[in-house]
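Each of the next two complexes has chain A plus one other chain: chain B in the first, chain C in the second.
Let's turn to the complex of A and B:
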C-alpha cells in the first residue's frame, strides 16, 4: 500500500516536472521564464528516483520485481537456490538502504547546521535529504521484510 | 599490490553476484561500498554513498532520462507508433519485403520519440508482427526485422544510452545526440538494404503488400503528422539550439500529452499510469548509474583501469587493434550482460584507454552504442530477441536468432564504415556546434 503510494508520488512528480519545464519554455518564449524552474526540477528528480524505489523492489503477482537482473543462469538454478539468492538480494538491499538512510540523516543534519540551500529559490537542502532518507527507509523496511518473511523467499 | 588484489576480487564478486541473479544495482552498491570501505575506510565509503546518491538524484541534466522515458511511454499509449508504421507502409509497403521495410522505418521514427531499444522493439512488434503474418511473411524475417529495428532506439536520439555515456565521460549530451543521428540513419538504410537482399534471394520470405488507394494513403499520412510534428519540434528544436536536451524532452512529453488528450487516445488515468511506469523505469536506470559512481572510485583506487590501460598501451599493438580488442570484449560481454549495466561497468576502464589512443570520445560513443545494439541481438541473452519472442510466442527463439544474423552483419558493416570514415559520427556535431576545442 505504502509502496504503491510512493510510486504514485514519484509518477506525479515526473508529470509535474514535465509540465513545469514546458511552462518554463513557453514562458521564456513570451519573455517570462519561470523563476526557479531548474531548482524545482532538481528536487523533484530526487522524488522521481527515490520515490519509485520502494515500488521498484516490490514483486508482482508472479514474484517478479522491476529491477534490472541478468537471467543467464536462472534456468539451471534449483528453486531452493533461487529462493536463497532472492533472500540474499533482499538482505543486501536492506543493508545498503540502511547505510544510505543513516548517512543521509547525518548529511541532512550537517546541511541544516550550515543552512545549505538550492541556488535560485533557496530551498533548504536538509528537508529534501530527510525526505530521501524517508523513501530509502521505506525501501529498506520492504527489503528486510522480504528477506525474513516466509513469503519473501518466493519474491525477493 | 594489495589494492589490485582488492580490485580483482571486487570485480569477481560483482560478476558472481550479477550472474546468480542479484539485481545489478544492488550488486554494484555492495561491491562499490565494500571496496571503498576496504581501501579507504568506512567514513569514506559512507560519505561517498550519501553524497553521490543525493548529488546524482538531483542533477538537472539527468532529468532528461525520465522525461524521454515518459515521452516514449506516452507515444505508445497514444497510438502514434501505429500511425508512424501506417505511414511507412504507404511509402514502401507495395514493394517486395515492403512490410518489413515499413517496420524498420517505423522503428526509426519511433526511435526518435523514445530513447529505449527495448521499448521500440516491444511497441513496433505489437504494431507490425500481426500485419506481416497476415501477408504470410516468413516468421524468421518478420521477427528478426522487429528485433533489429528496435535496436535503433539506443542510437537515434534521444537515446538513454548516450545520456549515460555523457554523464560518465563528462561529454556534452547535445553533441552526443547529434553524433548518433547520421549513424542511426546509416544503420536504418543498411537494415532496409538487408531486407531487400533477403527478399531478392528468397521472394517468398516477404511478399509485396497490397497497394493502397489515394484516399487511404492520404489518411495514413495525415494520421502520422502529429508524431512527425513532435519529432520535428523536439529533435529539431534541440539541433537548432532552441531547447536544451532537458527542455526538448519536456516539450516532447508535453506535446505527446496534449495530442493524446485532445484526440481522446489517452485519459487522465493513462497519463497517471504513464507517469508511475516511467518513474519506475527511470529509477531502475538511475540506481545503476548511482551505484556506478561508487564502483568507479573503487576501481580507480584499486588502479585496475590504469593497469589495463598501461598493459594495452605497452603491448605495442596499434590503436586500431586495441580498439578491436575493446569491441571484441563488448561483444563477448554483450552476449550475457544487460547493455546498460555493461556500459556503466566498462566505460571507466575502457574510456581512458580509448582517449589515450587518440580516438574521438564522441565517435567512440557511437561505436559503443552500435556494439551494445549487437549485444541486444546476440544469444544467449539477446534482450530484443526476448522481447520480440514475448510478442510472437509461436516463433522459437532460435529461429529469431537465425533471422537476426544478416542484420548483425549489417551492424558490422556500419562499424567498418565508422572506422573508415569517423566523420559519419563527428561531422554533424562539428557542423552544428563547431569543432571540439
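Let's turn to the complex of A and C:
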C-alpha cells in the first residue's frame, strides 16, 4: 500500500518533469521560457529517484524484492543457508538505508541552518531532503520487515 | 632486562615521532573549484599560505574541485569538514546570503568604495554573522562590475534589450533582466557557451573576467559596459571549529592574514583581470565594446535604481545598507 503510494508519487513527478521540460522547450521557442524550470526539474528529480526507492523492497508474485542479486553460489547452498543469507542481506540493506536516512536528515538540518533554497524560485531545500529521508526510511522498514518475516523456499 | 628496556624505549620513540610531527605541523585543506592558474591563486591562496608559513601552519590547496565539484556546495563542504578553507560564490546559494547579495543590486555601492569595504563594513557591524554560521570569514570581496554580453545587435539603451533572452543565475539578476524588458533564462554556467553559440540565449550578465574564463570571446558579438548591473560577491571562509583547535600562534597568524586588506588586494586583482579582458576585446575592433552615452546610462538608471530601492525595502535592509555603505 505505502510502496504503491510512493510509486505513484515518483511516477507523477516523472510525468511532471516531462511536461515541465516540454513547456520550457516550447516556451523558449516562443520567447517565453518557463521561469524557474531548472529549479523545478532539480527538485522533481529528487522525488523521482528517492520516491522509487521503497519499491525496491516490494515483493513480487514469488516473494522476491527488486534488489539485484548475485546467485553464483546459491545452487550449492542448502535452502536453510540461502534463507539465512537472504535475511542477512536484508538486514544489511536496512542498515544501509538507515545510514542514508541519517545522512539525509543531517543534510536537511544543515540546509535549515543555512536557509538554503533553490536559487530562482526559493523552494526550501530542507523540506525536499526530509521527504527523501522519509522515502529512504520506508525502504529501510521494508528491508527490516523482510529480514524478520517468514520466508518460503523460493525466496532463498 | 637492559635489552628489553632499550627495545621499549626505541618503540616508544618510534610511536611518538609521528604524533610530535603532527603537533608541530598543522595542515589546513583549502578547496576551490577553478584551475590552479586562476587569479584566486595569486590573489588569495599564495598570500594566505605565505603569511601563516612562519608559524609552521601549512595550507594545502585542492584546486579544480578535487574535494567536490562546483561552487554551489562549497559552504556545506567547509561546515561538514570536507575542507578546512573554501572559496565560494554567494550567488549560487543566494537564500543563505540576503545581505551579502546586496552587492549584486544595481548601483548599491557608493562610487569609490570597494566591494571588500562594503562587505567588511557589514561584517564588522555584526550584520553578516547570521549568513556565515560555523565559519570564520578570511576574505569577502566583489568581482569587477558586471557587463552585458550579447550575441547579435549591440545594446545601447534598454529598448535594445526588449524581448531578448538573457541567461541568469540568481533571483536578483532575474529581476534586473525582467526590469529591462528582457526574458530571464535559467541555466548552469557550463551550458552558456553552447547556448550563446546556438542562439538558445541572446546574452548574459557577468563579470568581464568571466569572458576569458568561459571563452565567451569566441561566441559573443558585443559587450556593453557601464550599465549599473552590480558586482558578484565572493567569500573565503574557514571552518570555525578547526580554526579554534589550532595552536594560538597559528590561529592568530591565520586571522591576521585574512580580513579587509587581503580582500581589497583580491578585488584589485579581479578588477585588473576584468579590465584586461575588456582591453583585449577593444583590440578586436571598434564596435565590439559598447560604452554607454550619458543618455543611455540615464535610461538604464531610470529603470534600475528604483528596482534597487524596492528590493532593499522588500528585504527591510535600508539600515543595513546605510551601514554597509559606510554611513552614506
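By our rule, the second predicted complex is superposed on the first by the 150 of 156 C-alpha atoms of A that agree within 3 Å, B and C clash if a C-alpha of one lies under 4 Å from a C-alpha of the other, contacts with A are read in each partner's own complex, and residues count from 1 in each chain.
Going forward, a contact is a pair of C-beta atoms (placed from the backbone, for glycine too) under 8 Å apart; a residue touches a chain by one contact, two chains touch by 3 or more.
Everything quoted here is computed from the prediction, not taken from an experiment.
Undergrad: Clash or fit: chain B against chain C, after overlaying the two structures on chain A?
TA: Here chain B and chain C can both sit on chain A without a clash.
Undergrad: Please state, to the nearest 10 degrees, the angle that the Cα centres of chain B and chain C subtend at the Cα centre of chain A after superposition.
TA: Approximately 90 degrees at the chain A centre.
Undergrad: Could you say whether A:138 touches chain B, chain C, both of them, or neither, answering first, second, both or neither?
TA: Neither: A:138 stays clear of chain B and chain C.
Undergrad: In the superposed arrangement, does A:126 touch chain B (first), chain C (second), both or neither?
TA: neither
Undergrad: Is A:92 in contact with chain B, with chain C, with both, or with neither (first, second, both, neither)?
TA: first
Undergrad: Between chain B (first) and chain C (second), which does A:147 come into contact with in this model arrangement: first, second, both, or neither?
TA: So A:147 meets neither chain B nor chain C here.
Undergrad: A:113 contacts which: chain B (first), chain C (second), both, neither?
TA: Once the two structures are laid over each other on A, A:113 reaches chain C alone.
Undergrad: I'd like to know which partner A:33 touches here: chain B for first, chain C for second, both or neither.
TA: The second partner, chain C, only.
Undergrad: With both structures placed on chain A, which of the two partners, chain B or chain C, ends up touching more residues of chain A?
TA: Result: the larger residue contact count on chain A belongs to B.
Undergrad: With both complexes superposed on chain A, which partner does A:17 reach: first (chain B), second (chain C), both or neither?
TA: In the superposition, A:17 touches chain B alone.
Undergrad: Look across chain B and chain C in the superposition and give the shortest C-alpha distance you find, in Å.
TA: 7
Undergrad: Chain A residues touched by both chain B and chain C?
TA: Residues common to the chain A contacts of chain C and of chain B are 38, 107, listed in rising order.
Undergrad: What part of chain B is in contact with chain A in the complex they form?
TA: Those in contact with chain A are residues 18-27, 29-30, 33, 46-47, 49-51, 53-54, 57-60, 62-63, 66-67, 70, 243, 246-247, 250-251, 253-254, 257, 271-288, 336-338, 340-341, 380-381.
Undergrad: Can you check the complex and tell me which residues of chain A touch chain C?
TA: For this pair, the touching residues of chain A are 28, 31-33, 35-39, 107, 110, 113-117, 119-120, 122.
Undergrad: Using the touch rule from the top, collect the residues of chain A that touch chain B in their complex.
TA: Touch list, chain A to chain B: 7-8, 10-15, 17-22, 24-25, 38, 41-43, 45-46, 48-53, 55-56, 65-74, 77, 82, 85, 88-89, 92-93, 95-96, 99-100, 102-104, 106-107, 128-129, 132.
Undergrad: In the complex of these two chains, what residues of chain C are touching chain A?
TA: Touching chain A from chain C are residues 75-76, 79-80, 91-96, 133-134, 163, 165, 168-171, 174, 183-188, 200.
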